[in-house]
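First comes the structure, then the notes that go with it.
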Amino acid sequence: MFAISLGDDGAELRPLEPYHAEEYLAHIDRGREYIGRFIGLADVCTDLDSARAFLRSYAEKAADDSGRLYGIWTADGTLVGGVLFRTFDAAAGTCEVGCWLEEAAVGRGLVTRAIRVIVDWAVEERGIHRVEWIAAAGNAASIKVAQRLGLVRDGVQREKYARGGVRHDVEIWSVLAPEWRELRAGAR
Amino acid sequence: MFAISLGDDGAELRPLEPYHAEEYLAHIDRGREYIGRFIGLADVCTDLDSARAFLRSYAEKAADDSGRLYGIWTADGTLVGGVLFRTFDAAAGTCEVGCWLEEAAVGRGLVTRAIRVIVDWAVEERGIHRVEWIAAAGNAASIKVAQRLGLVRDGVQREKYARGGVRHDVEIWSVLAPEWRELRAGAR
Amino acid sequence: MFAISLGDDGAELRPLEPYHAEEYLAHIDRGREYIGRFIGLADVCTDLDSARAFLRSYAEKAADDSGRLYGIWTADGTLVGGVLFRTFDAAAGTCEVGCWLEEAAVGRGLVTRAIRVIVDWAVEERGIHRVEWIAAAGNAASIKVAQRLGLVRDGVQREKYARGGVRHDVEIWSVLAPEWRELRAGAR
Amino acid sequence: MFAISLGDDGAELRPLEPYHAEEYLAHIDRGREYIGRFIGLADVCTDLDSARAFLRSYAEKAADDSGRLYGIWTADGTLVGGVLFRTFDAAAGTCEVGCWLEEAAVGRGLVTRAIRVIVDWAVEERGIHRVEWIAAAGNAASIKVAQRLGLVRDGVQREKYARGGVRHDVEIWSVLAPEWRELRAGAR
Amino acid sequence: MFAISLGDDGAELRPLEPYHAEEYLAHIDRGREYIGRFIGLADVCTDLDSARAFLRSYAEKAADDSGRLYGIWTADGTLVGGVLFRTFDAAAGTCEVGCWLEEAAVGRGLVTRAIRVIVDWAVEERGIHRVEWIAAAGNAASIKVAQRLGLVRDGVQREKYARGGVRHDVEIWSVLAPEWRELRAGAR
Amino acid sequence: MFAISLGDDGAELRPLEPYHAEEYLAHIDRGREYIGRFIGLADVCTDLDSARAFLRSYAEKAADDSGRLYGIWTADGTLVGGVLFRTFDAAAGTCEVGCWLEEAAVGRGLVTRAIRVIVDWAVEERGIHRVEWIAAAGNAASIKVAQRLGLVRDGVQREKYARGGVRHDVEIWSVLAPEWRELRAGAR
């Protein structure tokens, strides 16, 4: 029912819910290898039941106001990725945002546009003060999004994250509400 | 974040969530007496905790895909009422829709417009076959909405509903998916 | 332990509990096809675990006072069917009763007698004001019971119920406490 | 609905359920001091909420088949006491029975009769092999019931039970299924 | 992290926790037949999942202060058995202790020493008044431990326990806090 | 029962459990103001119930192997502070350690000694690869402990933490397993 236009190319941001399980699984199956290079998202979605369970875990976070999940659909109605609040703590004024995308949809700025939408909401409507972006140090695409959005690197958690038998450094980037407002004002 | 325009007067339909508890309580307090003439909605919302609990119960139904709650905001940003799926059963192809409104917002067709939005979604995007509308026989305003929307009266459950020490007959109205599509085609 | 005689033929009404799972499964297996023509009862009972789970769901409803399940045993100790409160809401003064029977036990009035026992209890001991009986429009046997008991048809929910790929109209019948008392007085 | 006659005096044994909370509280209030001399039953029932919670805990045990509670009503419809399966383990073939009574109802053999009913059911219908009766060593009335029923004393758990700041020895009595059948045959 | 020396042979008593599941399963596999002669401990631990579930059930009891599980490790770091509070009720001042051992570790007094440690703690630090020891009448080794520790036999629950298709008498032994203190004083 | 000596001054590290609630509350009451300058620990412990609830939350984390709580007792048997695994993820190989102390116990190195014990266990017995230490930038005492232990500062989460109406930067320090082993070897 609800949708937010992400620009002239017809892409839209919508809530991604348990009833999208089949569509989500098909999308993850297309992007499994590419998405799985740095993040575990695709690992927990291997069939319809696990897809539904994952989407449902975020529906429960939404009910708790502790996390939210949004899908990105292209003009032809294909779910190609999404953005999320991995954590959301209105009382503490903090949240962590993240994203994923199947390879075919890379390079159009979809994630950057979508992140702007949800950070605007977090900062302007929900009073979030600090927005975090966390990425494996080797995930150049993710770090590039953080940079493009104007975030600042707070530090590197050394060897924080194990994936594929290797431990990776993890970068923490952030933007504070006043900085975000300035960035948005400058962008206009 | 998400909103659907209900027309030229600037009114919008948005998800109504636990974090709206204060706003929702203020709205219910304004409309308590008027809303409470026929339905129990206002009874279960007497303070901030109970308001949050009510909104949360619908957030959990949304996570279960078994019910959903939407608020109607006027152009000046005031929450004045809402529409809801009291029940939603995609597997069975049935749902019950309902509404409420504070008196100040009556007479502008807000509810009729909002119901059209959510029934469209139920029928066209979620495959609902039968949409129900249930109202106390004396609730003329509610029954008028059902009529205006083109619903059909299926029957009267005699003395089904006790409110204020009196038992009321309850009318069941419905529209089936093919009927809805015809009504919508005719309305264009 | 507890049993109520249903008449001179030795049939008895007893609580139907989780520990009857084997007996219940055997009964459902005998009546699966016949019972399944209009209702889903047999569908959820396909093996001992699901039989126990179904009986247990009603034991929990009994603990909640929100539903109850009773079996009908013939004189030779065979479980042949039952009656139930599908819903029971003492605070609202409403309940829905229902029944099922394997074919071999049809035609002896067992269900009618059993329903009289449980409606008496609902009306006289528990203060229920409105008792509902809901049946698919094509379920002639069920509707005949409602008529024989003296219930009134409140309406028809068009295409409410999907079974076997077909949508069925659903009839709502009811009796109010004063009506029931009159019917019972007349029957004596 | 269900009741078992306890004899010519019109006393009956019936399931004691959460909806009896008011009646149960009134009974406990009448018998609080007398019942409380040796057992804690009355301590956990001090108002309507705690009465309902206690009755509900046994309704849940009944759903689990791990305990059951029965009330004794006299001919004039007064709840005067009850018997119970404090524990019930059909798989292990063991259960513990117990009883309570307000003082006004003492001396009529109500408990002995009621215990016979429920032990018969446990042994003959549910396959229980060993029935236990546990009583504080000073609870002469309770021990007299055990003796009258023909139970055997298995031992004394020294200082097992603290009540009113004093530790009491606790006697364990029992009867095995073959013994029970013999006792019942002899009694005829 | 935590360990208590059980004497000069280097044996130690330590909390036995869910993360020991692999080690515990290997131990149970070694001792399955010997341990299983009289108690059901090994029956509920047949693979890694059930081992973890068993250990976790005791971790939850520890969180509730209603039971605790300790392992006995020999000097070479092998888990060979353990002692436990099968029940623990600080408010009532009672607990039941128990033990198990694989055959290779029998005859060194490990269990007796470990039981002394945990009974000391129960009596001196937690205010337990009565410690119970329960054993099948035929379990000579277990009863010998009770005797060696100075416990008193309270009675015999006739045919209480079914194992391997046979019903066994069950002995209840106990020691009271003052007795324990005297025994410990005498032992010094 | 279990305790680890923290050195010649008789101080000991022990599991801190729900049954310590009274003792823990008394300790928090003594240290409330001092402890509360930078961390929220004391805020959630205002009476016996909340003290027990807090201790219980960590007992449940221990059962889940997702966190653990230890108290520090001085030679005279006074609980003066503690150390904890705020998070513990054996599968990911990461944990976060923390500490608190009432002012009277400051300056004796108790926390440093206790942290060494639990990090040794995490690294050597549980296979943790990365241990984190997180402190408000203004919490000089906490940061000094991190430095004394040889940890490395990974970064500063700007304005991450709101306390007393002010947002604080939060420092992340860490040590990796090989580094810890080297530090411990050098310290000998």
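Should a chain be cited, it is by its letter among A, B, C, D, E and F, assigned in written order, with residues numbered from 1 in that chain.
Operating definition for what follows: a contact is a pair of C-beta atoms (placed from the backbone, for glycine too) under 8 Å apart; a residue touches a chain by one contact, two chains touch by 3 or more.
These numbers come from a predicted model, not from an experiment.
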item: Where chain B and chain F overlap in contact partners, by chain label; value: A
item: Joint neighbours of chain E and chain C, given as chain labels; value: D
item: Counterpart interface for A-F, drawn from A-B, C-D or B-C and sharing over half of its contact pairs; value: B-C
item: Same vs different contact residues, chain A with chain F, by half of numbers used; value: same
item: Gap in Å, rounded to a whole number, between the CA centres of chain E and chain A; value: 51
item: Inter-centroid spacing, chain F versus chain E (mean Cα positions, whole Å); value: 32
item: Centroid distance [mean C-alpha coordinates] between chain D and chain A, Å; value: 61
item: Interface hub residues of chain D, defined as touching at least two other chains; value: none
item: Contact graph of the chains (line, ring, star, complete, other); value: ring
item: Contact set on chain C toward chain D in their complex; value: 1-4, 14-15, 17-19, 56, 59-60, 62-63, 65, 90, 117-118, 121, 125-126
item: Touch list for chain B against partner chain C, complex; value: 92-94, 129-130, 132, 152-162, 167, 172, 174, 176
